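One structure is given here, and the rest of the page talks about it.
Letters are used for the chains, namely A, B, C, D and E, taken in the order the chains are written, and counting of residues starts over at 1 for each.
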C-alpha cells in the first residue's frame, strides 16, 4: 500500500479533514453555521441600514412607516375596557419590523441577529473554555493517576451528582446577584464571561471523563510503553505521544459542547439568570417572547427555531467529525 | 477417502466491495469442490480472501456495497440465488460455521447451553429439555468435562479451548453435512490447538461431516487435511491433494511459503529462505500473475493472468508447468531422515 | 459484596458531604444572601432583626451553623425555610417528590419505548431513507430547547387550539395526584411527558442505533446468523439484548438526574410543583434550607441510581457479575 | 334547604370557590406573615379590635370597629383608649373571645418578633421593653384587660393618629391566649372570622371551611360568607391561570392578568374582568448621598426627563396604569393632584397632571450640575416588568449624557440590597404599597430621617433622604390629623409637595389590578384594602343563567 | 561470555479488582549472556511479556533483583534509569500499537536520538540525527520515501522494521523482543527473523527473544527458556532442549507443533484440559494437573529448577533425562 506514490501523503489530520469534506451533511451543517455566524455579524448593518432601528433602545411610544402608513408600535385595543396594548406584529418587510416588535417596542428581527452574536459567542466560547479545562483535568487525572486522579475524579463525581441544569442555575443565581469578586478580579453580573464560565464549568466533567478515559488507555498503550523504554521523559510523553492522540477525541467533543452550551445558555437566559439586559441572546428573546406568547408568538418562536437550526447543525457536524476522526477508521484504512 | 459426488461445488466465485467509489475485487474466480467427509484446507496469507470466501458461501456478507458472482452449489442446489428464507434452513443445519476467535463468537449475555439450544430449536421442533439433553451430549462428545454444568455457564467463564469446543458443539448441533471452520485454532495455544485439531479430524467418522478448514498455518493443513487450496491475493494459486502439494508444490508461491517456515527438527538454516516484499493490496493487484513481483521465476509470460492448469495431481495457476519448467521436488526438509 | 456496598456507602457520604459544604459556603459567600432582614420582614426594627438573628443562629460561627443545619435536615428533620417562614423543608420535598417521580417515570416509559423502536428500526434499515429519516427526527428532538417546546405545546393545547376537539380534553396546567384521579393524573401529565421525552428519544434512539450497528459487526452476531436465525431474532435477541447494557447505564444516569430535579425546566413550563421547580424557587428565593435539602435529595438520588444501575448491570451482563 | 351555621340565608349561598396563585405566602401566622396574599386570605379568618370595611368603599377609608363595640374616644390627649369588647364572639373551637385574649395577642406581636412590632406597636407603653426582651414581654401598663367591664385599655407613650388603622392590620389579629408564642408556620392559629383554615401545603394548596361558631355581628366589618368552602391551589403561573379561569377551571387568580392576555381578556370576557384600584406606587429611589444624585438638579432632571407615557405603556396602558407625579398614590389620604415635573411645570408651579416629558429642561439642569459623563448603575429586580422600565431609565440617562447600565438583582434580594447603604446604590427600582391607607405610611415611612439606618439591610428609606424640616412638617401633619382630619390631610399634601421639590425619587406610576373571574362568579367583593373579600363571592350554580 | 543481565528471584504480582492478586511471575531467576539469543517460550498468559517488561524495568517489580551489567536497576526511578535505557531496548509484538499513529516515521525513529544526549553529553545536531536516521533506514531496508509517512500506511512487516530501527537508534546492547513476529504472516515472518539474525551478526547484539512459536525460537536462539504459569520449567541450549526435552511440558509442547510435512510424526503427546488460571495456580508442581506423568508427590511439593546436564536446567521431579 505504500511506496508506490512518491508525493508526501496527507497527515492524519489532513486526511480526516478530507473525509469530512466529502461528507455532504457535514458540509451543509458547516454552511448553515457559517451563514448563522455571518448573519449575526451583519446585525449592525441590518439594524442601521435596512431596518433603521436601534434594537436595544425601548421605543414603546414610537411608530413606524409601512407602505406609506404610520403604524403605532404599541397598538391599543378597542375592547370595551381598552385593556391591553399589543406590539406590532410581523410585517415580513425587512425594512420595517419584519418579525414584529417585542413588548418594549424593539425590532425582533434585528434583535434576533444581535442575539445570535451573543448566543453563538457564548456557545463557542463556553465550548472552547470547557474543552481547555476538561483537557487539563482529564489529562492530569488520566496521566498521573493515583492521588491526582482520586482527587479530580471525586470532584467530578460531586459535580456530576447534581443535575446539570440545577448546577448551572445555582451558579448563575449566585453570580447574578452581585457579579463575581475573586480577589482583585471583579466581574459585573452582566459580564458575558460569567455565563460562559458557568456553562464551561458544568459541562467540564462531561468532557473530562472521556478524555481521562482515553488518556488512561493511552497511558497503557504499547507506544507509550515503547517511549518509556526509549527513556523519553514523562512530560515529553505527555506532550508528544498522549496529547496528539487525545486531540481527536477532544476536537470531536467541540461541536457537541457548543450545542449543549447553546441550549444551556438559552435555558439560563430564559430563566432570566443568563445574559442580562440590555444585551440580547436567543434565550433572552424567548424570555421576552414568553410574555407575548399569546398575542405575538413569533417573538418566542423565531429565536427557538434559530436555536434548533444551530444545534442540529452542530450535532450533524459533530457526527461528521466523529466519523472522520475515528481512530479505528484510520487504522482500518491503512491495514 | 471421500465420496464421489461433490458436496459443495464452487465455480468462479468473485466477490468485490465498493469502497471509495470503486469496486475492489477481493476474490477473483475462485473454484473448488468439497466432497462428503472430506477435509479441505484453505491456506493463504492474511488478507488473501479466505474468510471472504467462506462468508460468501454462507451468504453472511451484509455489506451493502458487496457484489457477488459465480456459482455455489450445495448437493446440486444453487445457493447464490436461493431466497434468504430458504437459505436460513441451510445455514446452521446443512452448513455450519465456526469462527476464529472463540472469545467473541458467543453472545456474552447468554449461557453456552442457551445458545446451543437455540441453534437446535431454530431448525428442529424439539422441546427445551430435549434440546438441552442434546446440548449436554454434544458438549460431552466434544470432550468438555462436566458438560451439564458447563452448559449453564457464560462464555467468559470458560477457557479458550472449552469455548472453541462449545463452538464446535454448536456447529454440530444439527449434524451438518459441511462444517466451515475459519481459523478455529489461531487464537489457541499449541497444546490446545492439537486437541481441537484432533477433534476436527475425527468429525468425519463420528458425525459424517465434511470440513472446510481455513488456516494460514501450513502445518495445520499438513496434519489435518485431505485436500488443500492455496490462495494468493484473492486468487487460487494451487489446489490439490495435500500429500501432492506438500511433496511437490507446483506454484512458486506454495514452495516459497513452505520454505520460509523454520523447521522444528533437523539442521537449522543460517538464514530462512524468505519471499521479498508483501502481497499486493486488492487495488494494486497486477493484471497478470499476482505473485510475479515477488517471484524468483517471474518472466515475460507472467504479465498475463495464468489459467489454472493441471500439474501432476494438482491444479496450479502458473505458467511454469506448461512451459515444462516445473519446480524441483521439495526436499522433505524437517522430517527426520 | 458487603465490602463493595460499604465502599459505595462511603463514597455517597463523601459526595454528599462535599456538596453540602459547597452549597453552604457558596450561600454565605453570596452578597445579600444574609436572610436575616428578609426573615424579619420589611421595615422591621433593629431589635427585631437582632432577635431573628439570634433565633435562627446566624450569630454562631459557620461550622456550628453547618452542623446545626445538617442535624436539622437529617436527624430531627425539622429544618425550616428562610423564605417562607414556618415552612418545614423536608415535608415540602416529600410532597414534591411524587410529582417529579410521576413526570420522570411517565416520560421515561415513553422515551424508552419510542427510542427502542426508533433505534432498532433505524438499525435494521441501516443506510436506507428510513434510517436517515428516523435519525434526523432524533437529531431535531435533541436540538429543541425543552422549555421552548413546552411553551409551544402550551400555546397550542392551552390557547390556540384548546377549543377544538383535538385539545379540548387538556386540563389546566398543574399536577393532579394519582390517588385523587388516575385519569386526571394521566391527562395532566401526558403533554409534559411527551415534551420531556422528546430530547431523550433523540439521544437514546441515536445511541441505540449506533450501538446496534457496532454490535452487528461483532463476531457473535455473525455466529447467530450462521446458526440460521431470522434477522429479526438476531437483531432483537442477540443485538438488542447486548446493546441494552449501554442503554441501561445511560438510562440510569439520566433518570436519576430527572428524579433529582433535572426536569426543572419542564416542571417550570408546565406548572408542576416538583422537586426541580421547588429547587429553582428555593434558589431564586435564596432559601438555603430548601436549597440544601433539595440538592442533598438530588445528590442522594443520583448516587443511589448509579448504585442501582450497577445492580441492574449484574443482571444484564454476566461478565460484570464475575467482576471482570 | 338548611343553611349552614353562620352562612347568609340567601339562594346564592354555597359552593366551592377555587382560587389559583403562583406561590403560597409561606407562614400562616397572621402576626408574622407580611405578604399581601396572606393578608387577603386571612381577612376572613381573623379579626382585630378594628378592621377595614369588607364592602366596597373609598380608597382612603379608615378603620372601623370589629371585635370592639365601637371606636373609643381618645382620652388623656390621645394616649389612652378603652375598647369595649363585643360579647359572644367565639373562636373556631367554640371558646369565647375574652379581654385576656386581646392582651395575649398584643404581647404575642413582640414574642414572635413580628416585623411591625417596632414600627407599629412599640409606642404602646412597655413596647420598647418588649422589643428588647421579647420572651418576658408583658406590656405592663400598656394593655390592660378588665374582665368585669369586658374592656381592654391601651396606654400609648405618645398620641397616634393611625392607631386604629394599626390595630386593624393583620399583625394585630386577636388570637386565643394559648396560641404558641412562636411562628406557627403551616398551622393556622384559631380565628374568629366566618372561615377557618383546615389544611395547608405551601406548594400545593389550602382549604378553608366555614367556622361553625361564626355569627355575623357586623355586616361591614366581618360579613358572613357565601361559599361553603374556599380552595386555593398554588403553582400555576399567571399565564396558565388566565387560561384556566377562561376555561372555568378556577374562579379567581391572586395575580393580575399578565399584559399579554389583557387584550384578549378585555375582548372576550369584558363582563368577567374587574379593574381594582390599589394604594400602590412604583418609583425609582435616588440615593441622595451618591453622585450624581446627591445634586438636587440631577434628581429633578431625571424626573423631568423620564417619559411616563412609556412607563404607562409598559404597565398595560392608560386603562390600568396612570403616570405618577408624587409619592402619595391617588386616593390616599392627603393626596392632592399636582405635577411638578412635566413640561411647563415646576415645583413652584404645579401642573394638574403629567402631560409630557421635558428633555430640554432636564439636559439644561444636568449641564448646570456638571455631572455629565458620570457612570450610573440602575438596580432593578431581576425578573418581572421592572427590567423594561429600568431599560427606559437607562435610555433616558444616556440621553441626559450619563454612562448608564442596568444591574438586575434577584428579586428577593433587590429590596434589601437597595436599602443597604454599604451597597452604594445610585438608583433602584421598587414599589411600595401601604398596609393601611394613610399618608404617613408612604411619606414618613419612606423618607423620614428615622427610617434611614446606615449599613443595614432594613433601612426602608432607600433614598437615604433626611430633611429635618420635612420631618417637622410631617410630625405636625400627624399631630393635626389626630383632631382634625381635614387640616391634617392638607398638611400631608404640603409635605408631599415639599418632598417632591427635593425629588429624592422618581415616581413612576400607579397601577390597577386586572382581575378575571370565572363565569360562575358574581357579586361585589372588591374592596380597596383587601382588594377582594372572598367571603362575599357569590357562585352561580350549574343551571343558573350566566 | 559475560552476563549482561541477571535476574534473581523476580516476582510480579498484579492487583486485580476485589482484592485478588495474580502472580504473573513467581521466583524467576535467569541470566542473559552477552552475545547470546535467549528464546523464551510458553503458552499464552504464562508471563512471558511480564518477564520481558520486568527485565527492562518497564513495570515495577514486586520483589527480586535485576542486575544490568552488574548494576542493580531493580529499584531505580525513571530518571535514574534513563542512561541505562539506551543500553537496552524493546521490540513489541503489535507493530501498529507500538507506533504513535499521529507521528511521522522519521520522527518516531529519531525520537530516542533527540531525548538522549550523545556520548559527550551534548545534544545531537540535526545533521547527526539525520545521518543516523539514514543509516538506520538502510540497516532495516526501509526506503527513504517512508520517512514522511504515517504508521498506518505500512504493512505489518514494514512497521516491524520501523520498530526495530527505533530500538536500534541508540545502539543498545540488549534487545528484548516481545513476540516480534507472531502477528506476521509466515512469508514476512521469515524476513524479520532473518533481519534479527543479520543485525545480531552485524552489531553484536544480545537478544531476549519471546515467542510462542517453537520453530521460530529454535531458528533464532542459542538458549531456550520454557515458561509455564509464571515460572521457568526448563532452560538449556536450544538443541538440547528441542531434541531431548527433559520436562514433560516441553515435550508435549514440541510434539504439539504442527509441521508442514505430511505424516511427519504421529506420536503426539496430547495434554488434557486447559492451562489453569494464574489467579489460583495448582499446588505443588504447577503442571501436575495436565501432566501425563504426574504422581501424588507432584501435587504436594513444587520442584525447583535444577541442573541435569550441561547448561540444562529443569524443574520436574521426574524429568526425561
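Assume a residue touches a chain if its C-beta (ideal position, glycine included) is under 8 Å from a C-beta of that chain, and two chains touch if they have at least 3 such contacts.
Quantities reported herein were computed from a predicted structural model and do not represent experimental measurements.
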Legend entry - Smallest number of contact steps required from chain D to reach chain E: 2
Legend entry - Minimal step count in the chain contact network, chain B to chain E: 1
Legend entry - Innermost chain, where centres are averages of C-alpha coordinates: C
Inset, instruction - Mind checking the centre-to-centre distance between chain A and chain B? Centres are C-alpha means, answer in whole Å. - result: 54
Legend entry - Geometric centre distance via CA averages, chain C-chain A, whole Å: 23
Inset, instruction - Give me the residues of chain C that touch two or more other chains. - result: 32-33, 154, 159, 284, 286
Legend entry - Residues of chain B whose C-beta touches two or more other chains: none
Inset, instruction - Would you please write down the residue numbers of chain A that are in contact with two or more other chains? - result: 1, 173, 177-178, 290, 293-294
Legend entry - Residues of chain A defined as touching chain C within the complex: 154-155, 157-158, 160-166, 169-170, 173-174, 177-178, 259, 263, 266-267, 270-271, 286, 290, 293-294, 297, 300-301, 304, 307-309, 311-312, 315-316
Legend entry - Complex interface listing, chain B residues touching chain C: 58, 60, 62, 64, 88-93, 96-97, 99, 101, 104-110, 118-119, 122-123, 154, 156-157, 167, 170
Legend entry - Interface residues, chain A side, partner chain D - complex: 57-58, 60-61, 74, 76-77, 79-86, 103-104, 173, 176-178, 188-190, 272-273, 276-278, 290-295
Inset, instruction - Would you pull the chain C residues touching chain B in the complex into a rising list? - result: 127, 216, 218-220, 222-230, 237-238, 241-242, 245, 316-319, 322, 324
Legend entry - Residue numbers on chain D that touch chain A, as the complex places them: 239, 258-267, 270, 273, 275, 307, 309-310, 313-314, 316-320, 382-383, 387-388, 390-392, 394-395, 405-410, 413, 417, 514
